[in-house]
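Next, two complexes with chain A in common: one pairs it with chain B, the other with chain C.
Moving on, here comes the complex of A and B:
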């Protein structure tokens, strides 16, 4: 029997020989990701240490000055408070509405397709379209909301919803919740397909009522879906921008400013791109930490 | 043999390129038209006239003009990057003054036009106030094309029908608001979402309170204060007294500029305080009404009742353009403010120019003519014009105006607090931003 000497190859060469096809497949995506995600991220980190105004070819290094300024920036804290309201209500409300809706349609009642389409429709609309439509709903001159309130004798409740600093944030948030309910609804509808009907029947035989079955049998089996929906809504809440930008521009009197809209104003209106970069990194950090903490807490709770 | 294939291919490609390029390949073709890319903000009905005016120059001067129309908000977000990257326009029509162009001038992205102005004698043709408004530091950075007049439109037809007299003093104005509301009208079509509209209301009342000379000293020389008692009165008059007198909707902060225009066009509102840029739309939408325009009535203790004015749009020249393009752009700019083209801007585009324009035979409407008359009277020194504040103020000051006046309107802030915030924003901006011409 003839034997052939195998050429000696380094571990790196062996690794390359084995995985080069894989690298070749990954390379285009990696290149795009690097160009459009990794590079801009590190560029933002760098800009956060400069006083760049967005146009000047010279970017002067200012160290931590932008980050020191954050602490004394009242508008940032105002925007952060608004973001917290947005994140809490913008996460809880879609789940609180979307989950019961999905449960109601779980048994595929008559009109299932119609309801599913109707609930999901806002999710396929552009946020700008949603913002414009809701601006019409709230319009004090021809808006359907005030007209409806007037029609049922609630004239004293009618107001310029987007112009009243006390309610403007909640008015924009309502549009966001309307848009997000469809997304959460579809997630839960898919999740419900994995819920054991045997367990539900067993609970029914044990005398559990509807609410008890929903709370103690259905919801626990949807824990993973709740996790995903919550994490996505949390992240989306911290980066919310488009609805506010189109409907109020952050006004009136900064009453709807979120960190993202404030960052935009700083970068493009106030010409403080360096400070805006620092703001955007803070926003990223808060969003990341919140999401990780939430997921860890959920995992701990489940274990 | 295989190695020769790429060399032969490369040679073949070069030959094909040479053939495709034609007889001029290898040497500059002097007859090639110069290409100019122009960004402007003329999105309204004037757009066809703008096309025609550009085209006339292009055909007569062997220049290819590519026009891209971009609205003001988008332009502010993209222009810096476009100019800095070298892929931007050669000429830009944008808002004049340091508030919007100071950043570009500081960064060297646009070039001073002083040499061109001297070469073509623009100072002989263009009103000194417009030149001053287009100057940043001590250099002319733009060619002013349009000039705005800010005042109060009055629906004279409905006023007469309702038996209401046009108020000439601020006290009369407050009384008028009550009477107009009783007659079922909204007195003023004021709308303040997203908030820039308040800039112009404040410009009117503040110019009235301190007068154009003091406003000029404040804006251009930093002599004076924004938190003076006169400025507090200016803020209080419009945003508190008029609100309390029911002069405009309680929901003004929720109404957009288009909403306000709609109220006035439809005859729901009797007056509308805004700029002369709305004349074309008024002419188009209010054919059944006679509309006039007047300066804002002077509040108590005011220096007088003045129109506010400022440069509207202006042409900027990119520093990234080639010498040939800059040369062609210079000729284009001179063509833009030539007497013949000026007539076309007025007659076809409906612009108000900071130039003397012969309007004979242009068939302008009475409202349009009334604005021209005021501007001409100002050019002759017979009428003293106040200043439109926002185009001459740093961005931080405009931000303080936008959010602050909304808060005053909502009752969340006093005029005194707002005046103090304006002064603080001015101090910060005056030290760090490019300031108007001294």
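Moving on, here comes the complex of A and C:
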């Protein structure tokens, strides 16, 4: 940028002349962001130290009482266990399905557009639509899953998927994986454009089998995409809410409660704003620490 | 799983070349069914009676009951909800794009003290879940009397998505050569003109990505309007239809018709603009 020296002006005036455009361009965004994101975040921290119920004019300071209660809150530990399952399977499964699907379409075979359009379709739909569709699929009376199982003679497998505490979490998670595959799939499709086919051909000439070529030649060149997909799925996994809320509401008997649905209930059904704020910060801390550790590990792996 | 993506390999017996192709299409078609059958089932159910839905899920409707759609549209108040969603989409995508372009431009190309600090604050916003601000934000919106208005979704919607927009646009502006802006300044353009008339048009592809991404976020956002938009007349289609489905669980044909109506606009837009959608999502994820 060009600036003209103006020696006769005060330092403040010079500073202003040089930087005012920068300030003016950043200010609107920064102001809105500060008032409606940064400030509420610190309010959350504050609320976490109170037992406020959302209505009282006074927010009573209780120190660490909320956090002491969290440590012995069975529901929190149940929810965290569900989140762990959700984060691990919800990250691994979409990658494990999306990557092979992308390699199958790498060479853009006949029907490419049809397959890509269909695999990505759930990504453009509202989570409520996906939740309703899958509630139907799982319906014990008229759902296509049970009807399909009955048709192939697997009657003993069919059940009320969302009503069975042992399988409900996995049933909702399967719907989530189904919806996320398309996202990971298009990322890998883009990543594969940068993968060298010469290297693959060289590996073939060296006698590497299909699986070895995939594992040792293709996948390493996609490391960056794997990292991005993992990071995004991890962050999304800790705050997962929509499908569980609509499909099961956390039930039956808390069998599908995640930390996000538990927080929501505490905050807006039980009106325990203070305790819910503490819960939301636990979620934030776990999510932040995990993503920072992941990014660190990835940087170490690269150097 | 069979992974064969090397059609350039030639010189083997025809049947050996054909076998992997058969395997490939077998896998692809199974997944095509997994992704499409639930929708086809819902769409065909939308034209049946509730009794038919319970009998045979895979049968075609006896008579096509288009009146289901009409009834769901009226009973479910979809005209209202879809209209609201359009209002939210235009306001959040438009307002957010203006702010994100300006801030992204400044953070990429203008001298700015404390740039790293500003970037760090926005970066945290990318990593912190919405729930960490949700509770105080609700009471803040209540106290400043926005809770019963369209602004209850618009203002936090813009703020929540700013980090993503700022980083995306900063990335695009950083890719533009600084000489162009300097040349315009020498010609006497002020900073706003440089931005508005020279640099912003050059960042067009970035802007398109931003619009696609933010539109999808806004249209499908669920938790945010669930918490902040509690007046039924102001609900967007995502939460509005949930309450509609909750009220009419027993009337299956009506629900299937409602799901179909809710899907149609987005699916139509997606089919027309699908390359934009997919490229926008890919660029948004890989470039921020």
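Throughout what follows, the second predicted complex is superposed on the first by the 288 of 303 C-alpha atoms of A that agree within 3 Å, B and C clash if a C-alpha of one lies under 4 Å from a C-alpha of the other, contacts with A are read in each partner's own complex, and residues count from 1 in each chain.
Just so it is clear, contacts are C-beta pairs under 8 Å (C-beta built on N, C-alpha and C of every residue); 3 or more make two chains touch, one makes a residue touch a chain.
Just so you know, these numbers come straight off a predicted model, no measurement behind them.
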First, second, both or neither for A:141, with chain B first and chain C second: both
First, second, both or neither for A:263, with chain B first and chain C second: second
First, second, both or neither for A:101, with chain B first and chain C second: second
Which superposed partner A:252 touches (first chain B, second chain C, both, neither): first
A:17 touches, of chain B and chain C: first, second, both or neither? neither
Partner chain(s) touched by A:54 [first = chain B, second = chain C, both, neither]: both
Chain B versus chain C as contact partner of A:164, first or second or both or neither: first
Touched chain A residues, chain B compared with chain C: C
First, second, both or neither for A:271, with chain B first and chain C second: first
Shared chain A surface residues [contacts with chain B and with chain C]: 54, 141, 268
Of all residues in chain C, those that touch chain A in their complex: 1-9, 21, 24-25, 27-28, 31-32, 34-39, 41-42, 45, 53-54, 57-58, 99-100, 102-103, 105-107, 109-113, 118, 121-122, 125, 127-140, 155-156, 158-160, 162-163, 166, 178, 181-182, 185-186, 191, 195, 216, 219-220, 222-223, 226-227, 237-239, 241-242, 245, 252, 255-256, 259, 262-263, 266-267, 270-271, 274, 277-278, 281-282, 285-286
Residue numbers on chain A that touch chain B, as the complex places them: 53-57, 135, 138-141, 159-165, 248-254, 265, 268-271
Interfacial residue positions of chain A with respect to chain C in the complex: 1-3, 18-19, 21-26, 28-30, 32-33, 35-41, 43-44, 47, 54, 100-101, 103-107, 109, 111, 114-129, 132-134, 136-137, 141-144, 147, 178, 182-183, 186-187, 189-191, 197, 200-201, 204, 210-211, 214, 225, 228-229, 232, 235, 238-239, 241-242, 245-246, 260, 263-264, 267-268, 273, 276-277, 280-281, 283-284, 287-288, 291
Residue numbers on chain B that touch chain A, as the complex places them: 76-77, 80-81, 83-84, 103-104, 106-109, 192-195, 249-256, 259, 262-263, 395-396, 398-399, 402-404, 406-407, 409-410, 412-413
